[in-house]
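The following pair of complexes shares a single chain, subunit A, combined with subunit B in the former and subunit C in the latter.
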Partner chain A sequence: MLQFLLSGIAIGSIYGLIGMALAISFYVTRIINFAQGQLMMVTVMITAELVSSGYPVCLAAAAGLVSSCVIGILSYLIAVRPILLSNRSSFGWLVSTLGFAVIVENAAAYIWGPTSQAFPPILNNISVPIGSAVLTGQQLLSIVAATILAAGFEIVRRHTLFGKLGMATAADPEMASAIGANTTVVAIVAFAVSAAFAGIAGLLIGPTTFANPYLGDTFGTYGFIAMMIGGGTERPIAAMFGGLVLGVCAEGANGLINSQASDWFPFIVLVVILIVSPKGLFSASNPLFRPRRPAAASR
Partner chain B sequence: MKSTTDHQASAAIPASRAGGWRAVMFLVVVLAYLAATGYVAQSDLGLQNLVLVAAVFGILAISLDLVAGMLGLYSLGQGGFFGIGAYMTTILANDYGWNVFGLLVFVLVATGLVGVAVGAMSLRVSGLYFAITTFIFTLVLTVLATDMVDVTGGLQGWLGPAFPDFPGGLQWLGTPLVWCTMAGLFLSLTLVWNVRHSPFYPILLSIRDAEPFAEAAGVRTAAIKIGVFGVSAAMAGGAGWLFSFLGVVSPGQFDWSVSLNVLVMVLIGGINTTIGPVIGAMFVSMFPNVVNINPWLQEIVYGALSILAITLLPNGVVGIAKRVLAPLVGSLDPKTDIVAVDVATAAATLPAPSALATGSEIIVECRGIEFGYGLGPKVLRNVDLAVQRGHIHGLIGPNGSGKSTLANVISGRLTPHAGQVLVKGTRADGMPASSRSKLGLRRTFQAAQLVKELTLTQNVMVGLFDRVPRIVSRAALWPMLASGRRDLAAMHRRSAETLALVGAGEWTSRQVGDVPHGIEQLTQLASVCVAGPDVIVLDEPATGLSAKEVRHLATILANLKTQGVTMIIIEHQTRFLFPLCDRVTVLNAGEVILTGSADEVRADPVVRQVYLGE
Partner chain C sequence: MNEQSSPVLEISSLSAGYGRFDVVRDIGLSVGKGEAVALLGPNGAGKTTVLRAIMGLVKQRRGLIRIGDTDVSDLPTHRIARGLAAIAPEGRRLFLDQSVEDNLLLGALHLRHDRTRVERLLTSVYDLFPVLRNYRHRLSSFLSGGEQQMVAIGRMLMSDPEIMLLDEPSVALSPVAVDIVVKAMLELRKRGASLLLVEQRIDVATRVCDRLYVMAHGEIVEEMTPEIVRSGGMSILNKYLG
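Here is the complex of A and B:
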């Protein structure tokens, strides 16, 4: 039981990171970047490539993250900005970000071939017993990294000027730019940060999945589910909670139902949650957690 | 010269000569379509497959455009309905030996019902969340199709059923599936073309762009959204039925990327156009066969092209074509004559309310209305209001005093927490906004709620929704029905006349997005008057109007009053309002402080203090 819970939290924090990555870019631009999973894949592929050609893991990982950030910014400049400039309420970004994802994924498949390649184990070979359960060092690292990143993001968002600028841009981009905020810079930074979140998720899961150009599809979808379960469209950190719920559900289903159950069980959870609260479990509009009408207000 | 006379003729008798042209054009198109179908049905399998896949996706794209283009519901569930149709057909035909044509009916009904259920579920949220909810529907279906190996064959899927051959005498026609698919595409195109040429179209767009306006005109918007979504789902299911005859049916063919690709088709071809989705479907589905290079490079090119298409052609191929052809086509459109009508005399022909003023009858009454938004303080406290039939009743008060809230309570946008609203003695609180137009109650909005891309006349036609019977049920066949053509012409005429009456007659065929603010306000008024209401609630009708326009508005309202129309007018410009009003009610901080004649109100010391600023 403890084992399911802990390994669920470990994989969940990776889903949560990708969910947060989606939520961060959504937060500022109100679009879902369908290339988010592919941004994660870029870090994984570049890191694997550099390590196999003899560079140290740290350097390779840093280079991988930087390239994800660059491609993330490119995805904003190429696939998002022109659409939002012409018509903020159109759904054209659905097409363009998907097109961008197709380009990145197939470029990777073209360069490295469709098969998986080796990825450095990082901390995957270390076993850490916790009570009756055993986690790998990598799993532990995932939990720690996700906690730090999620908390750090929330602190920056709430307590720094730049974070507030992001909130202002999210609420009303025209007003934000009218009071002097450079909304383009805010959006570029948001896309870079979200690419970094996705890239870090890639570094954390890489030792288990190995480097594959189609990695982005699966993890992009799970990240999306994490965001929707949590309600990350309102607050990015809710996507992390959603990821943890998703991870624990998937691992629990695998262990308690059967080994294939993690393929479908999370979707059932998602559907149930969306029927109860269409904007996610941790959203303000969740009818289960809605604050009651204080008696004083209704005289 | 000849052509100009033609246009005037077609404007005068819209149905006859223009109709004749249309019929000839229609016949030519149909013959060309039949010839093309015949050619494909006789040709080699490669071409047939190319055309069949494009046609099936064309139907799918049309089904999406029906909800995305006309209702603004960006459904990503089309792939799911498509899959349901294909799997149902395959499984029921292969394992249970059902007749494939019987199955078509079954599939249409079943996917339609699933669509209604999914629609009812997802329409609790709108915009992006609707897209996401339907996206998840597709995601879940793909997972089920992959994991329920016993039923669906898992990842490998099943081989679809064989399409029955033509009977002996018709063998010369070639491949029957080609004929069937092309017939399906043709029917889908006809359906959306008919809807676009019916009065249902402006109503759909008003639901998309100005839902409160549609509701106030008596449209049950939620029911229509769910119904249209059901039709769209049934079309997607029908596309799935066709698709199952093309080969293997497996989860990969219906996953979320298919739903997104259908949206790509619609957006590239041109959203909210009849032919655009089909052009987009041809481009997307034929692309891999036409560009035959390394599969990864090919995908890269496809991705790049879709980004380019969406950034450079935000309105799609058809949008560009329309802009290029607009000067040519524009000259062929029948020009509406500019009707100069003297407002004072013409008012006599305004549709009269059902009963004439009978002295002191109370037509709208509010008793003890209480209302508050969310957790905040009460906005209306124990508000009583009685409006006599035939009166113009002014409603004034400082900002935040609850005037617009009261208008929303009367017109049904908001439900009071306590108290009663009676319209002609009938309890109306608790009724949805759309039911009040049947009681003869209409309203206008402070910020005009209109469809910018439609003409003034089309917007005014929305106001006739519950005055013309069976608009929704006839929409699919409208231009083909004699009654439809007659009713449309009558609605068009009546709307244009009403616009002329309010003084916007010169603008009838202009789009609302292109006219000045004053004309927008007059359009709103016309859309209300066109139905011949008994009571009109006007929320700040003079906002943003010039002094001259305000005087014009006062004349129109005074004329309406002579017709026996009762009006409740919320307004800040007392110089405009007081001369019109029989009674004035003053609200302050959610409470009625005074009801009386304009002179009494003007003389009241409290009113002078809180509102008139003395």
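Here is the complex of A and C:
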């Protein structure tokens, strides 16, 4: 049981990071970037390519992340901004971001071929016993990295001027521009940060999945489920908690039902959770997480 | 406008609206430095659209809008908001998931590298509305309507703009809160601020402003002073305001 739990938390950290990536861009722009999984794939493919060409892993990973950020910004400038400029309430971005995802995926398949390529193991060869369970160093790294990134994002969001500006833009973009915020720049930064989150998820899962141009489909979908389960549409960190729930459920299903159960079980979990808590388990509208009104006596 | 004062806001031949329709047509008005001017009119007259056009929040606008020496007719909103004009909008539109002080500091976004000036502005807001000093760490969603209006006016002050735009600051407030807001506007006038106030309440406009423009059907139809209103002009206003 401990093994399922820890393995679930490890893979859930990856789902949570991709869920947070989706949630960060949604938080600021109210757009779901369906190319998020492909941004993760870009980091994996470029890192694998550069390592196989003889570059050090750190340098290759940094180049992969930068590439993801650049393509993430392009996804905003090409697939999102023109749609919002013509009609802010239009849903054209649904098709345009999906189209962008298809283009990036097929371009990757054209460049690197449709089959998987080697990815550097990073810490995948190290085993770490925890009680009666064993995690790989890579799994442990995933948990630590996701914790640091989620906490760091929340600290920046709540305690820095830029984070507060992001919150203001999320709440009322027109009013944010009326206090002097360039909301286009805020959106570009949000898309770059979310691409970086997706890219880091790619670096953490790459040693397990290897580098494949179609990697983004599966992980993009799980990231979306993580965001919806957690309630990341209201605050991005909720997507991380959603990812952990998803990861534990998927690993538990694999172990307790059959080895293919993680393909369908998360969808059942999603439907049940959305029926019980339509805005997600950890959303701000959940009474457990709603800010409390100060007592009248303190006024 | 006072003969001596130079216009801080000058609008001529302004037409603006949404979609294919102009809500305001061929508007001309001015506000002098240190002057307070009211735009009166019934619902749908186009008063708010004039303020939104000044802030660049209306995409479709023609004509000239000048603030100080700057032609802002084609400037994006965020550039106008950086010290030229600031708005306390209708409905307050605070960032409700943020504290009172965070809302105020966001108003001084373009001054963020000048900490001394931001501190001075923050102190001046707390001097104007002492109650906000006690509530500065409170979420703005937990404030009353009157307190939220104070934050909206404070946020506007924090950008230290050349012209302050207030859109119906008295709407949906208790008489006590209206009195506080009026006194704050009078204090701003003492400090030399230039105000363009959209109002439906004639008593508020005449207490605060030097001149009143009356709008109806998207056009300015009358210009008068509070003295004229008090000495019989009320019947003219009532004709438009109903």
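Operating definition for what follows: the second predicted complex is superposed on the first by the 283 of 299 C-alpha atoms of A that agree within 3 Å, B and C clash if a C-alpha of one lies under 4 Å from a C-alpha of the other, contacts with A are read in each partner's own complex, and residues count from 1 in each chain.
Convention: a contact is a pair of C-beta atoms (placed from the backbone, for glycine too) under 8 Å apart; a residue touches a chain by one contact, two chains touch by 3 or more.
Bear in mind that the values here come from a model prediction, so they are computed numbers and not experimental data.
Looking at the shared chain after the overlay, A:101 reaches subunit B, while subunit C stays out of its contact range.
When both complexes are overlaid on chain A, the residue A:260 reaches subunit B alone and has no touch with subunit C. With both structures placed on the common chain, the touch criterion links A:87 to subunit B but leaves subunit C unconnected.
In the superposed pair of complexes, A:52 makes contact with neither subunit B nor subunit C.
Judged by the touch definition given at the top, the superposed model places A:161 against subunit C, while subunit B stays out of reach. Greater residue coverage of subunit A by touch, when subunit B is weighed against subunit C, goes to B.
In the superposition on chain A, contact of A:116 is made with neither subunit B nor subunit C. By the touch criterion defined above, A:171 lies against subunit C but remains apart from subunit B after alignment on the C-alpha atoms of chain A. Of the two partner chains, subunit C is the only one touched by A:181; subunit B is not.
The interface of subunit A with subunit B overlaps its interface with subunit C at residues 291, 293-294, 299. Listing the residues of subunit B that touch subunit A in their complex gives 68, 74, 121-122, 124-125, 128-129, 131-133, 136, 139-140, 143-144, 146-147, 256-257, 260, 263-264, 267-268, 294, 296-297, 299-300, 302-307, 309-311, 314, 372, 375-378, 417.
Touching subunit B in their complex are the following residues of subunit A: 30, 32, 34, 78-79, 82-83, 86-87, 90-92, 94-96, 98-103, 105-107, 109-110, 221, 225, 228, 233, 260, 263-264, 267-268, 270-271, 274-275, 278-279, 291, 293-294, 297-299. Within the complex, the subunit C residues that touch subunit A are 55, 57, 76-78, 81-82, 86-87, 89, 93, 95-98, 102, 105-107, 109-110, 112, 134-135, 138-139, 141-142, 155, 159. Across the interface of their complex, subunit C is touched by residues 161, 164-165, 167-168, 171-172, 174-175, 177-183, 284, 291, 293-294, 299 of subunit A.
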